[in-house]
Amino acid sequence: MNHALGISSYLIAAPMLALLAASLVPVMLKVFSGNREPHPFVTTAYGFIAVASALGLAITFLGGSKFGFHKALVSDGLALWASIIVLVSGAFSIFMMHDHVETQSKLFSEKVFLLLGSLIGMLIVVLSNDLIVTFLGIETMSLCLYVLIAMSRETVLSKEAAFKYFVLGSFASAIFLYGIALIYGTAGTTQFPGLMEQVGPLLESRNHLFLIGIIFVVLGFAFKVSVFPFHFWTPDVYQGAPTPVTAFMATAVKAATFVAILRLFQSTGYQHSVPLKEVISWLAALTMLVGNAAAIMQPNFKRMLAYSSVAHSGYLMVGVVAAGFGDSQGVASAAGIVVLFYLLAYSIMTLGSFAFVALLEKSVGQALQVDDVRGLGRTHPVLAGCMAIVLFSLAGVPPLLGFFGKFGLFSLAIEQNFYWLAIWGVLNSVVSVYYYLRPIVLMYMQGDDAPHVEMNKQIMTRFTLFGSAILIIVMGLFSSPILSALKSAILGRS
Amino acid sequence: MTLTAQDLLFYILGGLSLASALGVLLMTNPIYSALCLALTMVSLAGLYASMQAWFVAGVQLIVYAGAVMVLFVMVLMLFDLKSEIKAFSRGAVAGFMKLVAVGLMTGAFLAAIYNSADTLLGTSLAAHVDGTVSTKALAQLLFGKYVFAFEAMGVLLLIIAIGAVALSRIEGGTHADE
Amino acid sequence: MPMNSLIDVGLSHYLALSAALFAIGMLGVLMRRNVIVMMMSIELMLNAVNLTFIAFSRFRDNMDGQAMVFFVMTIAAAEAAVGLALAVTIFKRFREVNIRYFEHLKG
Amino acid sequence: MAQMPLLSLIVFMPLLFAALMALMPGNRGVRPMALVASLIQFGVSLLLFKYYDASTPALQLVEQHSWIPEFGISYFIGVDGISLWLILLTTFLLPIVVLGSWNAIEQKVKAFHVALFALQTAMLGSFVAMDLVLFYVFFELSLVPMYFIVGIWGGARRVYASMKFFIYTMAGSVLMLLAIIYLMFAARDTEGLGYFTANVLELYKLKLPFTADGLMSPQALLFFAFSAAFAIKVPMFPVHTWLPDAHVEAPTPGSVVLAGVMLKMGTYGFVRFVIPMFPEAAEHFGWVFLFLGAVGIVYGALVAMVQPDIKKLVAYSSVSHMGYVMLGIFAMNTYGMTGALYQMLNHGISTGALFLLVGMIYERTHSREIEKYGGLAKVLPIYTIIFFIVTLSSIAVPMTNGFVGEFLILLGSFQASKLIGAIAVTGVIFGAVYMLWMFKRVFFGEKGELVRDEKHPLHDLSVREIVVMAPLLVLIFWMGLLPNHFLKYSKSSIDHLMQNKDAYQLGVQTMGDAVNRSASVLPGTLLPETQEADSKVTAKANMTGAGVGR
Amino acid sequence: MKPELIFSVLLLAPLIGFLFNGLRWKSKNYMLAGTVATGAAAVSFAMSIVAVSRLFGEGAPTAIQANFYTWAAMDLLSIDVSFVIDRISALMVLVVTGVGTLIHLFSVGYMSHDERPSKYFAYLNLFLFNMLLLILGDNLLMMFVGWEGVGLCSYLLIGFWFSDKEKAAAGMKAFVTNRIGDAGFLLGIFVIFGLFGTLNFAEIISKLSAFSVETGWTGPITLACLFLFIGATGKSAQVPLYVWLPDAMAGPTPVSALIHAATMVTAGVYMIIRLSPLFMLAPNAMAVVATIGAITALMAAVIGLAQNDIKKVLAYSTVSQLGYMFLACGVGAFGAAMFHLMTHAFFKALMFLGSGSVIHGMHEEQDIRKMGGLKKYMPITHATFFIGWIAIIGIPPFAGFFSKDEILWYAFASERGSQWFWLAGLIGAATTAFYMTRLMALTFWRKSRFDAHKVHPHEAGPSMLIPLIVLAVLSAIGGFMGIPHVIGEILPGHPGNWLEHWLKGSIAAVPMTAEMKHATTMEWILMGISVSIAGLSAVTAFSFYVLDPSRPAKFVSLFPRLHRFVENKLMVDEFYGAQIIQPLINASRALWAFVDVNIIDKATFVVGDLVRGVGSTARTLQSGNLQQYALYIALGAVAVMFYVLK
């Protein structure tokens, strides 16, 4: 066996290495300066540099369907764009952490370090070409997040959230791992390319152990992206976690995990199991319904957004269903394009909405209610305007980014003849309008008597919100370049 | 249908592991649970060895039954826990459903094993493998095919080490500044 | 499957044993209220997985399974470390490690 | 000026003005600027007459640019006899609305005008869009400003009303979105087209399978999906209940725009998309809409009759009037279609005028309850005269615009179905009943409690208000006496539509281009050949998915 | 003069008058307003004479025509704004502009004390304009435009004093009832368009040769005729839509004379005469027309017996006389209908103006029980009214005699007629003679019943008297244009029936039965019967109300309930109110409150509630208990496994 690794392996790993190296700097500084916390801005800058350099390296070296580390990693368009989404949301999360009251502390450098560590885990997930490596990546990402959540300055809820996330996450990991074991046992390999070739024969012969393995693996992923009925941790953890961390979880974790799911479903062999198709379709449908319906009833702003993110997972699952069970050649790459585009859109919108929440949170442990935004349209017109754009985009109003995201997903569903899923999806997006518009109602249409609340400075968080609003409009109107870039990256054409 | 030594070993160690696992579940005193868990791990190590996974068996003994269990016991000692009155979760319905769910899942599992048994490869053990050979092969794998995973493990441990320390220093942590 | 193979120990037996261990671990997570015991139950589940890996590895004559077990053990250790650190933090705060104190977040 | 993007200019000028207004400091000066801006955009829209060629049914002043080729979406706009008058109606109403809301909107003046102008762009866009997705974008986008207009400047139950408005209309249109996507794929998979497009002219060529015996053929399902969206927008009985709420709560200018233009987007959709694209289904299921249209006429009129609130009465009268439009469209003959088109304009003018008038009296008394009025004619004679003229138009007395539309529609629907025509004709009676009864109670008889009030004497219309109403009155008579002035611009388009119901196709004519080009060469001009060929390959071989056809 | 110019002046004169007065509607200068308006009407009249004179003489055209512009054109439909004066509309236009001018003139005096004379004259001119459109339009649509236009003016003028709720309500009632008819008219137009592909009168009639007489009820021509007739019942106040006309007396009296007696209400008759060849093809429809006409003639006459408002009596009389005209149309005697239309225009306008003069003189008193003995106060009014009276009850040789008798004769002798129609007409005539005599007696004769200290009846000024006198003359001699042959033969110079000659070829000929064609004796006998019955009836009334005033009360006390029933107009309004209007309003309320709110809105709320239900269930499941969540995961896994592995 040739153990030598080519240069290409290191190039693929370069973003991760950069992240690791840069992330250690603030911690090291702290160690060498006698445990004195560096200025938060310095830490933020280092974090940003880490992410930026990783992003630069990713854009430079990723893509083009290359393998590395004995096929443990694959660098393709999917990985490239998922890395971009993950890294960008990481950068914005660091900005928000710098500002946010629950993450500002003497341990800020450690928090940034953990977030960067989590990013490394995510990059592993998106680059992984092997189920066990995916598992390692997921664990890296999750373990960092458990700690990161627990490190909030809030003392009760954040600990509870961290612990719940930890126990349930480990529980789900065990199940996931069991699934890997069964797949390993039945297919003889855990590497995606080999596995994908095995899927067809194994499903055709109705190998039950393999089916259980697939189910368990899907279940483990479903837990991470909060698909019903594995979503129950989501609102609790999103609420308890510091808002910047929530934003990070809601965007980056989801993006990374969905890429892993897509990799799992890159085979046409799944068509041999109709029940599997049906059950995943049902999960998608129920996820949309439960997420949207629960969000309607939710008075807590962050929980509402949490349920909304559950619903968005449901939409994304439509793409996954199409990828796995569509009946035309190359549907998986097509699904990759629309799912990634949706993830990009969703990440931008979600970052914006959580930035808005972060701006309104003034004290540690404050549970922001939806009603608290009353009258904001008058007192803070720019913020409210940006948030309104974000919310309309989440609701899927054209020509904002969210609309085109949904357009792509539902196009895919229709092309692959998943009509009822598409219909269910759009009907759910109508339901979602109800709660997305509620803050707008409160901001603009009610509470003219609301007092003027001083807003935290939070320059970087403002920047995040503002930037996301701008991006939503600009990328909505000019989504063509992004789409064509995505397309050429994923189809491997220039 | 002769019962070979190998089979006997399986039934003994398997039964032991199952019993001790049940002990983990049923013992109301956490310390006893921990000890039962250690016993399970030891018996599993035996099973690994019986399947000629010598290295893994050794790691199981040292890392798991040794280090990890010590960590658990230490924490338990730190908390100074006694036998708990309410060791199990409340709710008859919920409890019933939990039993049913796990029962069904296991049942489905066993049925699946039964169904797929024909397709499973090599239902009899292969020839004896030398421990050094298998360990070497494992090492080749770890530093060859799985080198990236191996390195990633290292990174993970580093991050977790720093994270765990940081966690102990937060407000209310064991090593908090204030 | 012929009757004698029920007694002849084969892959199925190992798998069944691991399934049983996994189920017990699962029950522990579902039913025990002490967080430490819950974590131990998760360890049990991971051990069950390991048994599966080893069994498959053995019966397929494929070393990959053992490598995976190696990783799983590492992860298990890391999880234990983080989990216990969390538990300690929580204990410091609540003087108790029973999960019934963790129902503030709901709805 | 051969290639001046006139239509784009018309569509986006209001948005530009909105942006300018948003950047203005303070609220002072917004109104005059808005007025000037609105007049400018109306003036520019009048340029259409110069370049529009009424002799051809072809799509004119066409502009085509690639927008999101990956999704098959292009920026493709054009105007023909069907949309010409709706565009002009939209631009015509804006200055009136701006001037009419001079006093009605007291707070957040700037924001209001920004919303109003943005809405203008969305509405104009949906009338010129010839790409289905582009149309959908404008169609949906129009909800947002209107949502704010109702929700922020509306009455007491404004939140309920605006929410209902938004969700009702969106619920209808999302199904249309799916239908659009389906059509695009159908276009791609059809022999001869083979590429992914939302270009309406191309989609006209599709022959969707239709079986008469069931609902399940694609054409029927698509027909109903489109119809659902448009029927809610129209609104048609029985999905009309959002309208009265929205109207009652909306501020006067909001009501005017809502009734005047937004409802037309629904009926326009039927004419532009539903009938030509799904001819067999429209033929086969047309009776449903014919019947519902007739029911809507009578139902709207009857319910309007018993309303205690003037504005709600007018709102229900809209339901009735739009029922006429639906009736005309689904009569599927030239008379009905022409009448429907005319009635759209009439409704925009006369109902718009009614809402303005109701708003004017509301500004004076802050009440809209009919019971509290009475004897207004003695106190506000000018107001009474204007109101009366508008009432006449609304109840379709000859020599006003309303008559032309109703006559043609009823004529057409009677040719289509005697029974339904006969039902619909009773609307003529009920229409007179509810309007005149309301008129009697408000203007005649003893002075009511609001009119009697000595402390706050009512003032008759100011010069501004008369100026607001004057153009509407002029149009009421102009359109009533000389309908052919207006009809001749739409004639060739409607004739073309009705004569080629089963195989409707539309040519295009860019500005300054005298020769009609056949629509079939269009895709070539839309995108370079290579890409088109490329897309065919990908469609068949590899990149099936996601409509990422190109 | 080119036809275009003639029609322009003819039509625009009243329109200009309307605009002139309309723009200075606040002005109280009744003299200026009246002069302009009357002048406008007079110009129209003059122009009508000019136009009509062209039709006379050898080789004169049968019609003059002018086309202005295309109103709308698409597919088969092509509607021009074009006008025609042929032999039918010539008569009508002369009556309308002539009588109209007189009534304008009368109004100058009558409205001199009103607050808004300019507005009044504006409306009056507008009416004239619309009426001319109705008459002169050469297609059904133009006729309909005028048709609705006159209805509108009628509405405005009835509700002229709108501060009075009753009057405003009367206006609305008129408009709405007319609208019901108009709806029928529209349907008629649609059927005709479907049948002939044109709405032009001449073209319709020229295309008729391709059609044969329809026997059934559902043939297109029968349907068209019936629908058109519905329109006519609305405008011309026939059963069952006549109820608006008595209420319409709320308007100023000259208006009643012009619109509600002489011109507008005869539009229905005019329309049927215009389309007489069409109606001839639908015998069933004609039977309906005749029957409704006969019923109306009788019923309105009966109601008229017990009315005490001078204008109401005249109103019911108008309804009754219109019934005669429809009876004539129904039996195919379109010429007779036209003849009666004209004579009726003269004498009924005369009587209305006379009543106006009385009301004017009596300070707005309209109750005839409070009048009496006005003969000595207003001799000229009395004299003219007297002429009107004998004209309407059919005493030869006054106008009413000729026209009514012709109708009765044809009702009897036409193929489409019957002795029953004749009998109904006869009874109607007798009843008319009775109540008209009663009206005369109570108003002008015997002693005054008003308080002479408070009320000082006086004769009106010249502007009101001149029209009265002119109309009286016309009522007296108007009948000579249609002298029946039987009478003409015995007169010196053998004057023929000029009217019949004039209209010959323009309208369908009377389909006489073979044996009646030359039954001169029979005609004489019937004429004698009708004149003597009417005379007898008048004498009875005279004895009741003049010779022994106590007799009516005694007579009435024999049938108190019947009398009350008649006095209350046979309870028709109450019936409509209780059986149609109120149920309609109740139903509408129910539609609003039930269908809109409870069904449609609820249905959407149900969806919302369902979603909410799902949401709250999801939130309940979200108990916060970690192990519960783990259980959900396990349950989910189990469910998925079982579904997939099943």
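A few notes on this one:
Each chain gets a letter, A, B, C, D and E, in the order it is written, and its residues are counted from 1.
One rule holds for everything that comes next: a contact is a pair of C-beta atoms (placed from the backbone, for glycine too) under 8 Å apart; a residue touches a chain by one contact, two chains touch by 3 or more.
Computed from a predicted model, the values in this text were never measured in an experiment.
Shared contact partners of chain A and chain B, listed by label, are C, E. Greatest Cα centroid separation from chain B: this falls to E. Among the chains present, the centre nearest to the common Cα mean is that of D.
When the C-beta contacts at B-C and at D-E are tallied, the pair with the greater total is B-C.
The chain with its Cα centroid farthest from the Cα centroid of chain C is E. One inter-chain figure worth recording: chain B and chain E are separated by 103 Å, centre to centre, where each centre is the mean of the chain's CA atoms. For the pair chain A and chain D, the distance between C-alpha centroids works out to 41 Å.
Chain B and chain D have CA centres that are 69 Å apart. Rounded to a whole number, the gap between the C-alpha centres of chain A and chain C is 27 angstrom. Looking at chain B, residues 89, 98, 101-102, 105, 108-109, 111-113, 120, 145-146, 149, 153, 156, 160, 163-164, 167, 170, 172 sit in touch with two or more other chains. Each of the following residues of chain E touches two or more other chains: 619, 622, 624-628, 630-631, 634-635, 637, 641, 645. Among the residues of chain A, those in touch with two or more other chains are 132, 136, 139, 143, 147, 150, 155, 163-164, 167, 171, 175, 185, 208-209, 211-212, 235-236, 298, 434. By the definition of touch given earlier, these chain pairs are in contact: A-B, A-C, A-D, A-E, B-C, B-E, C-E, D-E. Of all residues in chain B, those touching chain E in their complex are 89, 94, 97-98, 101-102, 104-105, 108, 111-112. Put simply, chain E touches chain B in their complex at residues 625, 627-628, 631, 634-635, 637-638, 641-642, 645. Residues 1, 4-5, 7-17, 19-28, 30-34, 36-37, 39-41, 43-44, 47, 50-51, 54-55, 57-61, 63-64, 66-67, 69-71, 73-78, 80-82, 84-89, 91-93, 97-98 of chain C are the ones that touch chain B when the two sit in their complex.
Residues 132, 135-136, 139, 143, 146-147, 150, 155-157, 159-164, 166-167, 170-171, 173-175, 177-178, 180-182, 184-185, 188-190, 209, 235-237, 239-240, 298, 300, 303 of chain A are the ones touching chain C in the complex. Only residues 15, 22, 25-26, 29, 35, 38-39, 42, 45-46, 48-49, 52-53, 55-56, 60, 62, 64-65, 68, 71-72, 75, 78-79, 82-83, 85-87, 89-90, 93, 99, 101-102, 104-107 of chain C touch chain A when the two sit together in their complex.
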